[in-house]
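The two complexes that follow have chain A in common; it is paired with chain B in the first and with chain C in the second.
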Partner chain A sequence: MAEKFLTRLPAEIRPVLDNGVPAVMVTCSADGIPNVTIISQVHYVDDTHAALSFQFFSKTIRNVRENPKAYVMVSDVIGQANWVLELEFQRSETDGPIFDAMDMQIEAIASATGMSGIFKLRAADIYRVLSVEKLSHVARAEA
Partner chain B sequence: MIPGRLVTFLEQHANIAMAGTRNRDLVPYGHRVSGWRISADRRTVTALISEQFTDRLVESLEDNGELALTVEEYPSHETYQLKGRYLRHRPLESEDLEVIERIRGRFAKSLRPLYPDAPDDILRAFTLTPRLAVEFEVREIYLQTPGPGAGARLVPTADG
Partner chain C sequence: MADSSHGQDDPAAELARKTAELQVVQRVSSEINTTLDLEEIYDIALRTMDELFEFHHANILLLEPGGETLMVVASRGYENQAIGGRVRIGTGVVGVVAQKRKLLQVSNLGQQRAYAAAQRRQIMKAGRHAELGDTVHVPGLPNAESQIAIPLLIRDELIGVFSIESPVRRTFSEHKRGLVSIVVNQIASAIHNARLYEEQTRTAKALEAANATLEARVAERTVALERELRVAHELLSEARNRVEGPLLGESAAVRALRDAIAREAPRTEPLLLTGPPGAGEDTVAHALHGASRRTGAFIYVSCPELRTHLRPTPPGAGSELPLANKFELAVGGTLFLDAVHELPSSLQPALQQALDRDERSRVNRASPVPDVRVIASTSRDLTRDAQSGRLDPIMRLLLKTRIALPALVDRRDDIPMLVDYFVRRHARQLGKVVDGVSAESMKRLETYMWPGNIRELRTVLERAVLLSKSTVLEIDEELLDEGVAVGSYRLVEPLGAGGMGEVWLARHRLLARPAAVKLIRHDVTGMAHEQLVQRFQREAQVTAGLRSPHTVQLYDFGVNDSGSFYYVMELLDGLDLQRIVTDFGPQPAERVIMLLRQTCRSLAEAHAHGLVHRDIKPANLFVTRLGSEYDYLKVLDFGIVKDQPGQEATLLSSQGITQGTPAFMAPELVFGENRIDGRADLYSLACTAYWALTGQLPFRASTAAQMLLHHAQTPPVPPSEVSELLIPPELESLLMMCLEKNPAKRSASALDLDSRLARVRCEWPWTEDRAREWWEAHAPDIVAGRERVRKAP
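And then the complex of A and B:
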């Protein structure tokens, strides 16, 4: 069962972004090699933008600067759904309110997961939301 | 060839995975993976793709063959990414479902500290029912455990 929200992040996704469950990001290099990485945080900027933490996933960082398209999945364990975001990289910020908010949250996640000193925010990468889709854990009718 | 230590990790410890493909316009797609099987010669892996995540999968693989699979043990975050070339796909076999059940149990157990009051069936449902098995030849393996070594290529080694 899928619900499509064209180009905007709905209010119901916000607690999912903050639930502490790692998200997954897929990017693709300019020479066509996909890359899948776990990311610790997807930050809500506004209903058409999300920010992703740039910590140490250098291949991902290189890829989105070569090819700005990105795919992100966040999971709602209790709500039994996955949210799929298609994004486009716009810019990188190394200070300011978005960076500061993400830095604080990264520190909290690191502390809670025993990864203090390993997680370190280098930049907040800002993405435009191209599409949002909610995929229920319940199988589709035609399956 | 997948190193023996990594085979042990994949078969006994890893509990969550995601595959990545891309279309001819280099748009990336993600596909949740419910389970994985390693061939006897350790050269190929079969990813059991969750049924909600098969859209655009075969079309992309038949177009360009590129596939990446990231496998993690949660909550330790030990993570590896396997990159390779699509070989074939097939419907599920009964042995696939046995693999899924083992992984489902491991992952539900790993979630329990995060959700102490959640019913078992909710946690077990997180590992989705698979729909399709995709076999690919593993050409490169990267360490992706968070930390200074993340991104290091493990296979092939620098000396080949």
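And then the complex of A and C:
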């Protein structure tokens, strides 16, 4: 069951975003066909915006370009909760502080795993937060 | 002090935590800036970070030279062995932080790696293996879940990375990130300063080491250069000495010789070198050739060897051939005929012919002859040959131009320089290290007579260098002994120089009997060499013929290897009358009488042989201790004796006159009368007695001429009038009688005077005891035999 329903990102979600990824992202094409995928980063931009990592040309990108709405679920392992963010795509950034911060993390992993140049950040997609819902693991288990 | 990212602390706890953090920051700031030791800084940094963030593992990595890699220099926590591990720039969390120079925090490394691994598998499934690289191991926790890495920057320049890891998921708040940045900045500054200091210290040490090395190399090079310089000097000196050799020195004699060489070298006339054997004639000949700028060869001919090599040839077969060949070889150069007086008679016509032709060519300037400069040498006394008319034509031709080489004893001042030259040269030839000769040896070398001249000096030094086992040469008497050629005697040390020559203490080589050896001086002026030799011979012959115990005894006389005359006399211990009066004042009449009587006995024998001493004076009356007898008188110096009335006094030396003899000279000698007899000696003896009794001469004069005039014209003042001592009237009468201008008014003979003196009465006779007491009081060293005051004849 939902513990909270917010329109802004609360402060407590920041460590969840740091620790909780990879996250599950759900998009839907213009003709209503949904798509679920995993993304490596959900970056806290401010309390009304989050940035998602765009690493691969996939259905997700196509869907978002057709239908800007998306859902992201982040698992809080420590807090034993899932957070569901309702987002709306606004723009893609390929440089700047947001892109750099996200890129560093990805590159740190990629360079150590022999995937430099493949596993990389192509853009930081900026989404506006439409709603935030915190789901308790226990509640979900009960449900 | 771990960050609490979940849940809210109360304000009081938050304040306490921040206060604690601030204290830690202050402490680290204080501690880290008080040291320049890198290890200490690393320790402080790691400890502080642990205290602030409670991590499991932390690394300090520093950029390595080249900027391609970082190396773990300090580690704390789980994996200390990380030290020394390397991370490439751009690889892993630390590598990316170094590349981007920005802080990076990763809180879910496990999931990130798992996600990346999944992606890797997808890529591999898609058959894109080639696009994948190898997984890289980076130092640190293998199961790290959280990691924060902060670049160490100094003015935007990366020096390293500080990395914290934890196996659990952790996150840092903005506050913690700020805090860690502050601490890391301080660590970066401290590391940077310490590294600068370390580098400066290392540079200073390196500079110091380089300086030391440089100084050592400079010192080594200096020594080498000094050695090279010394060798160069020696080579230069050797090159110079090759020309000069025995001509080294600054004595007047050798300077004159060098001047003569410079003067004669450009000329073409035959030249004769005269001098004692071994004086360096071949060196002088070489020097003449070298200075002549003649382009031809220097041909050396040993005339004695020619004699040896000549084989009997039939008449008319051309026995002059060997010499002719030498002339041909010497065209344009110099032909040196060494010891030309020994040229075989069969070759003499050829040489004479060549010399004649050469002279005619020069005089007539016609009939050109081969251009050969003839230089000959001889040690023969040509003066005597010339005076006796026995000079052969060759010598006559050669004698027109002559250079006289000095004997080594006539250039003693040069001996140290010559010694140094010969010692260095021979040591170098033998490969020995010799610094020089000892002071004592040098003194011995300087006082030795060197009958064999420079050749002997060279030989002695060569033997000494050969035998030496030390760097300082010792030249003992034995080495010199072999060169002495003064009869059976070895010269020990000089005793003095008289009017005619040098007097040396000598020792018989077999009997070890001490003696006095007198040699004719080569540098006597005002008397020709021949005249000196004649006088020397006469003195020796006359003295040898006398047997009186009051006449000095002659042991031996002759000519040594260098051509010098010598005679060996008994060595006397005592004082001459001149010194007795000079040092101890006028003597009592009874002693004077006793001495006069002994003199009379010596003169009586000489006069009986028709000999007149002609130089009786205090210095020639030697008072000696003979065994147990004291005041034993010996008459010395029969050098100007005249052997029969009517003979010209040709041997009287001007030097003798100016040196005091005029004070004791009889009037008939002043007038140069032909008829001189023993009464002239009695006049001189009276003058001597006058001096001994009064300490004054019979006449006072400022010049020798005035003195001679007084002897000729002035009556003397009675000695009692000029002396406070008691002079017996009989003695005074006898002296005044002997001082008569007219010889006929003097005592008739020495024996007569002796008997008259014997009759003079003295209140206190001069006894043996008184004589011994006098010697003991005035010359104890002579009495004790501790000092030998010697007088040579």
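Basically, the second predicted complex is superposed on the first by the 124 of 143 C-alpha atoms of A that agree within 3 Å, B and C clash if a C-alpha of one lies under 4 Å from a C-alpha of the other, contacts with A are read in each partner's own complex, and residues count from 1 in each chain.
Convention: contacts are C-beta pairs under 8 Å (C-beta built on N, C-alpha and C of every residue); 3 or more make two chains touch, one makes a residue touch a chain.
Everything numeric in this text was worked out from a predicted model, so none of it was measured.
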| item | value |
| --- | --- |
| Chain B versus chain C, judged by how many residues of chain A each one touches | B |
| Which of chain B and chain C A:105 touches, first, second, both or neither | second |
| Contacts of A:78 with chain B and chain C, given as first, second, both or neither | both |
| Touching partner for A:119 - first (chain B), second (chain C), both, neither | both |
| First, second, both or neither for A:18, with chain B first and chain C second | second |
| Which of chain B and chain C A:38 touches, first, second, both or neither | both |
| Touching partner for A:92 - first (chain B), second (chain C), both, neither | neither |
| Residues on chain A lying within both footprints (that of chain B and that of chain C) | 20-22, 38, 40, 77-78, 113, 115, 118-119 |
| Complex contacts: residues of chain B adjacent to chain A | 18-22, 26-30, 32, 51-53, 64, 66-70, 72, 74-75, 77, 79, 81, 83, 111, 114-115, 118, 122-123, 125-126, 128-129, 131, 142, 144, 146-148, 150-151 |
| Residue numbers on chain A that touch chain C, as the complex places them | 12, 14-15, 18-22, 38, 40, 77-79, 100, 104-105, 107-119 |
| For the chain C and chain A complex, residues of the former touching the latter | 5-6, 90-93, 95-97, 100, 102, 104-109, 111-113, 115-117, 119-120, 123, 128, 131-136, 138, 169, 171 |
| Residues of chain A touching chain B in the complex | 2, 20-22, 24, 26-28, 30, 32-38, 40, 55-59, 67, 69-73, 75, 77-78, 80, 82, 84, 86, 113, 115, 118-119, 135-137, 139-140, 143 |
